[in-house]
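One chain, chain A, appears in both complexes that follow, with chain B as partner in the first and chain C in the second.
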Partner chain A sequence: MVINHSATAGTLESSDALITVEPGEGGIALDVTSSVMNQYGRQIKATVLETLGRLDVTDAKVTVVDKGALDCTLKARVECAVFRSCDKSASDIPWGGVIQ
Partner chain B sequence: MKNAVGREIPDFLLKDGKEVYQGKNYMDGKYLKKASPCTRRYEKPQESKIVSSIAEALCQVGAKSGMTFSFHHHLRNGDYVVNMVMKSAIEELGLDDITIAATSLGDAHDPIAEYIEQGKVVGIQTSGIRGKMGEVVSAGKLKTPAIIRSHGGRPRAIEAGEVHIDIAVVAAPTSDCVGNCRGIGGKSNCGSLGYAMTDAKYADHVIVVTDCLVDFPNMPASVEAIDVDAVVVVDSIGDPRKIASAAARISQNPRDLMMAENVAKVIASTPWFKEGFSFQTGVGGPSLAANLFLEKYMDERGIKMGWAIGGICGPMVELLKKGKVGKVIDVQDFDLDAVNSINQTPGHYEMSASQYANPANKGAFVNKLDFVVLAALEIDTGFNVNVLTGSDGVLRGAPGGHPDTAAGSKCCIIVTPLVRGRMATVCEHVVTVTTPGDCVDVLVTDYGIAVNPLRPDLIECLDNAGIPHVSIEELKEKAYSIVGRPDDLQWEDDVVAVLEARDGTILDVVRKIKPLSLND
Partner chain C sequence: MIPRPKPERFRLRRTMMFMNAQKPGLIKDAYIYGVDSIMLDLEDAVAENQKDSARFSLYHALKTIDYGDTEVIVRINGLDTPHWQEDIRVCVAGGADGIRIAKCESAQDVKTVEEHVLAAEREFGVEEGRTLLMAALESPKGILNAYEICAASDRMFGVAISGGDFRKCMQTKFQPDGVDMLAARGQMLIAARAAGIQCFDTVFTDLDDMAGFETEVRQNKAMGFDGKSLINPKQIRLVHEIFAPTEKEVRQAEAMVSAFREASAAGIGVFTVNGKMVDIAFIPGAERTLKLAKACGMYEGDLV
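Then we have the complex of A and B:
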């Protein structure tokens, strides 16, 4: 999927994450800050990259401000931000496809 | 050297007779030579000890660089006195090389972090350390490792001379002109002054700071004029709204209530739940709510509680007034109901920190406790509890009376949700051991109950009462299945804090955290 414009999903509430995706400059540039960085930073990075991979996003700048979200929450927020960034969040969401 | 809870204690800390933690009751029967302060004689009658400012009081008692100042934390997060006195000592008198020995420190003391960064405050000895101070100490900016003690460990260390207090500062809601202090009767009331009592007896000099001067004699005095050098009257010693909250309300959160009900069930299944039993609870959501369910079981069995101790709040005072508990003995008050009750409600008494929890005296109240209900930041599969460091390795808590009541009581129950946000409360290894697992008996979570295998008698009690329980490993796996298995924290070699067991041996150390960078 191609990121057309910047979009966000999520909140800064405890146990949530705020994900911002922007058009990239060739490749994935990921910036993570997290209230649980020392214990879960690597897992957050892996989850976000895996989700982007599943959505076939290869060129994006992604900023994650995590407040202790579980993996399922992170995935949902990344998916939502990506769909918003290419205006597909109103319809055409591939439920049961790349969105599992 | 590895200690009895498997923690590696660096050799440089094991000098001057310091040993590693060996297990509970290790010091039993040994002798203690008590330290004695060097105090000034005031033979010539004094009409008044009032001086015009904190700086003048400090000069009068000979405040110098390198001294140890003690404070107590009854004014909690409303306290102005620590910052006021340190400002005067450092900025007005130009002192440095100062050690602060406080019964606890909180967010109210953020300005002290600046003095640590400037190198003016070089030592911290406390139970609690939080906020900015926790961050700068965790970052290794304090010159010497902070020493963290429990509420019972502190009076033990003072009496043993391991902490010598040059100047004790008493924040007094009321005082008379010669320094008889009480925690009530003024405008910044805190109730009990229990933590200040040992300090005042063992300090070379004592300065009273009050915002309400009352007629002589201010009786019954918690800190007595016979120990006081000077009295300073200031506009305000603290913010009353933060000293004592409005009545501590019992949680309405159904998860807390479910856990609290299970705590009461566990208590009611043991042989010590009988007429005259003794009890302490924390003021956290599920711990406090246990009061409510316990009352139900007491009514059913037609029994009364003999006595309760601890930090006291409204729901316990309520039980006292209803005649359902015989006596309440109080080292600190958390809400206005408790503040207004101490020494007023018949059966509600004040006690010192030593009387409460000191393991080296001849019989503290905690040693007679049947049950204690406590919270935890983390608990590991060895039942070791952490209430000091966040799971990110930064100092932001306090052992308080946790290790003392756990060790003294017949049945210590930890109540905590299995996970908080993405943090697993039940984990493989706690970041810091603050209460050793050999003192912790039962764990109640929202996903199940576990009993320490060291207590087959309690396992039998639960089985007989039909209370289901699982192994603590199962609870840990359940937690990790929800939040994922955390990476191990990475540490530098530098020790930023030493965690003393209540008997004075070394239970654990906190090292400087190496923050994770994803770019490496």
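Then we have the complex of A and C:
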């Protein structure tokens, strides 16, 4: 998917994450800050990159502000931000396809 | 990926607790409270501009979190909104046990949802007929059409009244003795029983008034409700206690069911247990008491 415009999803509440995606400048630029960076920083990056890979996003600037989100929450927020950036988040989501 | 067992149309549903599907902090460990059913909400708890986000959150919660024996129902947005069709798709794709139809007013509303559920089951390769339905009656029209709504589909397991919207329509407000909704509760119960489905009361919103809550739950039980909708874990225990049968009721039910089985094997139709006449008409009630007692940890026998 191509990031058409910047979009965000999520919140800064505990157990959540705020994800921002913006059009890239060639490749994926990922910036993560987390309340559990020392323990889970690598896991968070891996989950976000894997999710972007499934959505076939290859050119984006992605900012993650994590407040202790589980993997399933990170996935949900990244997917929503990407679908919002293409104005495709409201209907006909490929549940069980690239969303899994 | 957590495979959920096939939903049971008739199971114990004393407590049904609402949670905002958009809030990961709430839904990630909702099974720990021991509630019979959780109600993940895509409707009023979710702001209009977060409906899309709540669905992604819901999908991954359904697919990732092991809710165990806790039933997982999703409240979808009303049929007068642009959201309900995608809500149904995500519920079915995620494998929710059931869908609560908000603001239901006619049998046609149930049939419309059922058609879309069936289409989604086919789209996502889910067993046809797996997804159960329940309806929330929130208006005078919904109450007047309660029976046709209850009987509209084989997927229907229950019906609930939603007090906030209903009181608004009736130009009344909460009364401690329940007189504000007495007629509506009664009519809905009669309709549910006539259609053979379960019936649930509305939420009690004042979390600090536990005495008022208890009064309402006792009235619910006396009227014949199967359970109650809740908004907070601290309300669960009281409902489970009030809906539990008494020790004496359990012993009597056990004696009746076991005597009935022996008597029918011997060709006897009517007999007495502890001085009370018993025939086949008493047995479904006694079996229900034993099932409830089993769920409450009061009965460990094998009659049910």
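Heads up, the rule we're going with is that the second predicted complex is superposed on the first by the 100 of 100 C-alpha atoms of A that agree within 3 Å, B and C clash if a C-alpha of one lies under 4 Å from a C-alpha of the other, contacts with A are read in each partner's own complex, and residues count from 1 in each chain.
By our rule, a contact is a pair of C-beta atoms (placed from the backbone, for glycine too) under 8 Å apart; a residue touches a chain by one contact, two chains touch by 3 or more.
On a predicted model such as this, the values are computed, not experimentally measured, just so you know.
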item: Combined model on chain A: chain C and chain B, fit or clash; value: fit
item: Chain B versus chain C as contact partner of A:9, first or second or both or neither; value: second
item: Which of chain B and chain C A:79 touches, first, second, both or neither; value: second
item: In the superposition, chain B vs chain C on chain A residues touched; value: C
item: Which of chain B and chain C A:29 touches, first, second, both or neither; value: neither
item: First (chain B), second (chain C), both or neither touched by A:69; value: both
item: Which superposed partner A:37 touches (first chain B, second chain C, both, neither); value: first
item: First (chain B), second (chain C), both or neither touched by A:93; value: second
item: Touching partner for A:46 - first (chain B), second (chain C), both, neither; value: neither
item: Chain B and chain C, minimum CA distance [Å, superposed model]; value: 5
item: Chain B and chain C contact sites that coincide on chain A, given as residue numbers; value: 14-15, 69-71
item: Residue numbers on chain A that touch chain C, as the complex places them; value: 9-10, 13-16, 69-73, 75-77, 79-80, 83-84, 89-93, 95-96, 99-100
item: Contact set on chain C toward chain A in their complex; value: 23-25, 28, 51-53, 55-57, 59-61, 63-65, 82, 85-86, 89-90, 93-94, 124
item: Touching residues (chain side chain B, partner chain A) in the complex; value: 391-393, 421-423, 482-484, 486-487, 489-490, 513, 515-516, 518
item: Complex contact set, residues of chain A against chain B; value: 14-15, 30, 32, 35-43, 45, 67-71
